[in-house]
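Consider the two complexes below, in which chain A is the common component and chain B and chain C are the respective partners.
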Partner chain A sequence: MQDFFELKNIVKSFGENRVVKGANFGVRCGEVFSLLGPSGCGKTTILRIAGGFEDPDSGSVHLDGKDITDMPPNKRKINTVFQNYALFPHMTVYDNIAFGPRTAGMEEKKVAEMVDEMLKMIRLEAHAASKPDTISGGQKQRVAIARALINQPKLLLLDEPLAALDLKLRQYMLLELDRIHDEVGTTFIYVTHDQSEAMSLSDRIAVMNNGVIEQIGTPAEIYENPRTKFVASFIGDTNFFNAKVGELLDGEYCKVDMFGLGEFPSYNEHKLNAGAKVTVSIRPEKFRIFDKKPETDLNSFEAEVIDIVYQGAQTRYWVKAKDHRINIVTQHNRCYLDYKQPTWGDKVWVAWHRDDVTTLPEESPH
Partner chain B sequence: MNSQQKSEKHIRGGSTVAEYLLTIPSFVWLCIFFLVPTILVFAIAFRTADPFGGIDSGWTLETIANVLRADYVSVFWRTIWVSCVVTAICLLLGIPVGYWIAQQNPKYRYWYLLAVIIPLWTNFLIRIFAWRVLLHPEGFLRRTLLWLGLIPEDLFLLNNMGAVIIVTVYTCLPFAILPIYAAAEKFNFSLIEAARDLGASRFYAFRSIFLPGIKRGIITAILVVFIPAMGSYAIPDLVGGADGELLGNKIAIRASANRNLPEAAALAALLSLIITVPVLVAFLKQKRVFRIITNLRRSAGDSTK
Partner chain C sequence: MKSRYTSLLVTLLVLAFMYMPIVMLVSQSFNASRYGGKWTGFSLKWYEALFNDYSVINAATNTIVIGLAATLFATIIGACAAWTLNKYKRSKLQTLHYGLVYAPLVVPDVLMGISLLLMFVSMKVDLGLTTVILAHITFCVSFVTFTVLARLQDFDFNLIQAAEDLGAGNARIFLKIILPLLGPGIAAGAMMAFTLSMDDFVVTFFVGGPGSTTLPVKVYSMMKHGPPAIINALSVIFMALTFTVAIAGQFLTRKKF
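Take a look at the complex of A and B:
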């Protein structure tokens, strides 16, 4: 697929502080593309560069085949949903949404038609005459989206749009955003520090850390196959083990020596050589707990249960083996009470499949 | 809170009684030093003058009729006109300055504000005399402008209406900048970015988003510039010419040189009415006025930028 919006080698510093260190990515037409990272990682700066509010020190911005690096924000066919909505407080909901078309010099009859259509889409017809400070956070959010989308932008930028909402509302607005995206089909770039938001909404995610994009991929790729230690730890929970690559096995496997726990066959995605120092990442839900050593080709070691947290749909265990504290999650797909569960102090066998291991080179590739 | 809720609160809680008690000192202060003198001025306007510069015991409407004479009317109009020009210039200068200071790094903002306030530390009269020196026919300013060929030989900067306007703007400007800055500092500048994002030019974003956003600051600035300008008398006295006489000067002359207190009081009363009535009306109808303007604009199909 052709990249519709592209950032090439973007570098940006504020004073001494280099906040974006060479960002490259392309966004495809119609997709929801998330920039995900902790606060201060440079994701908002990239968004502001895309919107035209900051000039990059070097690099270029392309939209639909045109270089728009030097184009001021009011000339770009890009609209933004700002973090705190930035609704005009002296205007009604209606006038806020009508701002773009009116500024473009559209006649009032056509404006009214478009605004009514937008109000219908965000289901706020009843609040057209309200001032922004009299409506709720979720409603403001929807007005901000309508105010941006009415201009029929080629690209919609959303800067942490749900950060100011409470949990329930956030979940509802995620579905709303998804519905609106399906309805209008506009390309979205979505900035967030919340991995669950990014995972549930995005077609693809770019994970950022320290001004660098560490990995770009679909939510599943990023979760199941993180390329760096940062990505593995930022997206979901994981267990890290310092390890060393041992003997290379047939196919794409190798033996990995997880210090103290033993040597286990593991998937070797990065084609590491024998003797390389690696970090092994295994997600909590990839582990299974047995009361005796499983008689299969699963990898396993013996451990002691030290803590249990029952969470309804799942139970979280912490087990201890040698110097390691390992976090395990088991889903309760069958009735929890029908089964004998491990309890505090139990000796158990912790097992996992060789394909469920991510071996990450010690020096993360950038 | 609507009036019903307010009265309920009044009935239920003793807190409002305490609130009223707390306002008593300032209320008394206002009565003694503001309300009573104003009533006295209005009253004296209806008394007759005695030959020694005092007030006689009689009552008359003649003084009032007298100050509505033609030559006073022209002074009234001139005073209003000059005050309007001064207010307009103060806004034209004060709004960009307030906007600019509010966008500076907070570390330096207070230095800029200090620079605005520092001239006020010098005595008012001394500053006006400084302007006399500056604007003097042989003074630095006129010499420089002549040398640069920017003004004709026969243009004088002192003792005319221009000098009055310049110096009044100079003295009033800090009072215009401060409320505008206070409003601009609270203004959410991401709104301007939002407007730019939605296609507005820099100027249109400034006009349609920033100016309404600091409306209160602008109204305060208008009040604190326009009202003192209407009553100013030292400035026209010191830098104005024969044609630069304002109402304040007339009042001063009637009160001191002519020793005609009733006429001075009548002029002063009229001046207060001219200022108070429109301000009161504006305050009471502010919301309605704005609604009317908005409705007018909408019905006129305001799709222009």
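Take a look at the complex of A and C:
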């Protein structure tokens, strides 16, 4: 598929500080594309470059086949939902939403039609005459989205749009955003540091760290097959083991020597050679705890339960094996756990499937 | 209970202390007696005499002309200074700028008057309306700057980007966003400049010349020559004017959207 919006080799520094170190990505038409990373990773700068509020030091920005690198923000068919909403405090909700079409010189009758349609979409018909400081955070958020979408942008940029809301409201607004996206079909670029937001909303995610895009993929790809240590640890929980690639096996497998625990057959996604130093990442829910050595072809080692944290929907176990402390999550489900639950100090067998392992080269691809 | 009466009493005493002279002034201006003191009946004759005195009307006109001119220039310069101070607040040059704008607020009026006089004389500028206006601009700029700066500190600059994002050009951003939001702050600064210019005696006294007599200077000179009762009437009118402008300024600063 042809990329609808593209950033090519974007580099941006503020003074000595290199914030974006060569970003490349393409966004497809109609997609929700997230930029996910910790604060200071450069994701907001990339968004501001896309919106035209910052000029890149080098590289180019393309929208719908046109180079828009030097186009000022007010000429781009791109609109932004700002982090703190930036609603005009001296205007009513109606006038805020009408600002774009009025600026474009549209006649008032047409403006009224469009604003009414937007108000209906964000379900705020009753608040058309309210000033922004008299409505709630979630409502402000929806006004900000309507104010941007009424201009029928080719691309909508959202800068941490839910960061200022409390948890319940955030979950509700996520569903609202999803509904609005389904309704209008506009391409969204969504900046967030919250992995669960990015996972639930996005078609694809770009994970950023330190000015570099570490991986781009669907939420499942990023979770199940992280390409770097950073991605594996930033998205969800994981256990890391220092290890070494041993004998290469048939297909895409190899033996991996997890120091002290033994040699285990593992999926060799990066086609590493024998002898390569690797970091093995296994997520807590990929493990299963047995009371004796499982008589299957699962990988397993013996360990001792050292801590148990009951979390309602799941229980988190910390087990110790040799020098390793391993974090395991299990669900309380009798279809799944067919024996008594382990308790502190129990000797157990920890098992996992060879496909649930990610072997990451010690040197990241970057 | 007892403390409530104490605090009421204290409040009344303080109010009396503050406003007694003004009450005296206002009441005496309506006193028919020429030298005041003893009440000899209600009269408007001092006000009548005042409005028939050409030099008083002239002083009032001067005051307003100087006030308006000084306010206009001080507001433009002050608003620009505030914008710059706010935009580049982290630079060293702006710290210096801040200090320079702040200084006139603490420099004694007499010093300011003398130094301005010295400058005008050494530059061979004829003293008159122009020199008074220039002098007033000098001290009014600081007050406007700090009033507008306070407003700017609450101003969300994302709004400008938001307007830009929605397609607005500079003219539209200025008219629809900056002016409505900063207008009240700038107007409050202007009101303050106008009151200060109207009230000023010391600086005006130093840099004024023939034909530039303002109301405060006129009041002072009448103390020596004219009947005191006329001065009372003049002061009351002057005070009413100042209060109106000051209260309007207060109202604008407080206004919220």
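Here is the rule we use: the second predicted complex is superposed on the first by the 359 of 366 C-alpha atoms of A that agree within 3 Å, B and C clash if a C-alpha of one lies under 4 Å from a C-alpha of the other, contacts with A are read in each partner's own complex, and residues count from 1 in each chain.
In this text, a residue touches a chain if its C-beta (ideal position, glycine included) is under 8 Å from a C-beta of that chain, and two chains touch if they have at least 3 such contacts.
The structure presented is a predicted model; accordingly, all values stated were derived computationally and were not measured.
Trainee: Quick one: chain B and chain C on chain A, clash or fit?
Mentor: Clash - chain B and chain C, as placed by superposing on chain A, overlap.
Trainee: Thinking of the overlay built on chain A, is A:Gly211 touched by chain B (first), by chain C (second), by both, or by neither?
Mentor: Once the two structures are laid over each other on A, A:Gly211 reaches no partner at all.
Trainee: After superposition on the shared chain, which partner residues are touched by A:Gly51: those of chain B (first), chain C (second), both, or neither?
Mentor: In the superposition, A:Gly51 touches chain B and chain C alike.
Trainee: Once chain A of both complexes is superposed, is A:His90 in touch with chain B (first), chain C (second), both, or neither?
Mentor: Both partners, chain B and chain C.
Trainee: Between chain B (first) and chain C (second), which, if any, makes contact with A:Glu107: first, second, both or neither?
Mentor: Touch partner of A:Glu107: chain B, not chain C.
Trainee: Which partner chains sit in contact with A:Phe99 here, chain B, chain C, both or neither? Use first/second/both/neither.
Mentor: both
Trainee: For A:Lys131, is the partner it touches chain B (first), chain C (second), both, or none of the two (neither)?
Mentor: Second partner only, chain C.
Trainee: Touch test for A:Asn74: chain B only (first), chain C only (second), both, or neither?
Mentor: both
Trainee: Pick the chain B stretch that clashes with chain C in the superposition, from 6-14, 42-50, 150-158 or 294-302.
Mentor: The segment of chain B occupying space taken by chain C is 42-50.
Trainee: Across the two complexes, find the residues of chain A that touch chain B and also touch chain C.
Mentor: Shared contact residues on chain A (touching chain B in one complex, chain C in the other): 51, 53, 72-74, 78-80, 82, 84, 86-90, 99-100, 103-104, 147-148, 151.
Trainee: Please output the residues of chain C touching chain A within their complex, sorted ascending.
Mentor: Its residues touching chain A are 156, 158-159, 161-169, 172, 176-177, 180-181, 257.
Trainee: Considering the complex alone, what residue numbers of chain A touch chain B?
Mentor: Within the complex, chain A touches chain B at residues 51-53, 72-74, 78-80, 82, 84, 86-90, 99-100, 102-108, 111, 147-148, 151.
Trainee: Touching chain C in the complex: which residues of chain A?
Mentor: Residues 51, 53, 72-75, 78-80, 82, 84, 86-90, 99-100, 103-104, 131, 133, 147-148, 151.
Trainee: In their complex, what parts of chain B are in touch with chain A?
Mentor: 188, 190-191, 193-201, 204, 209, 212-213, 215, 301-305
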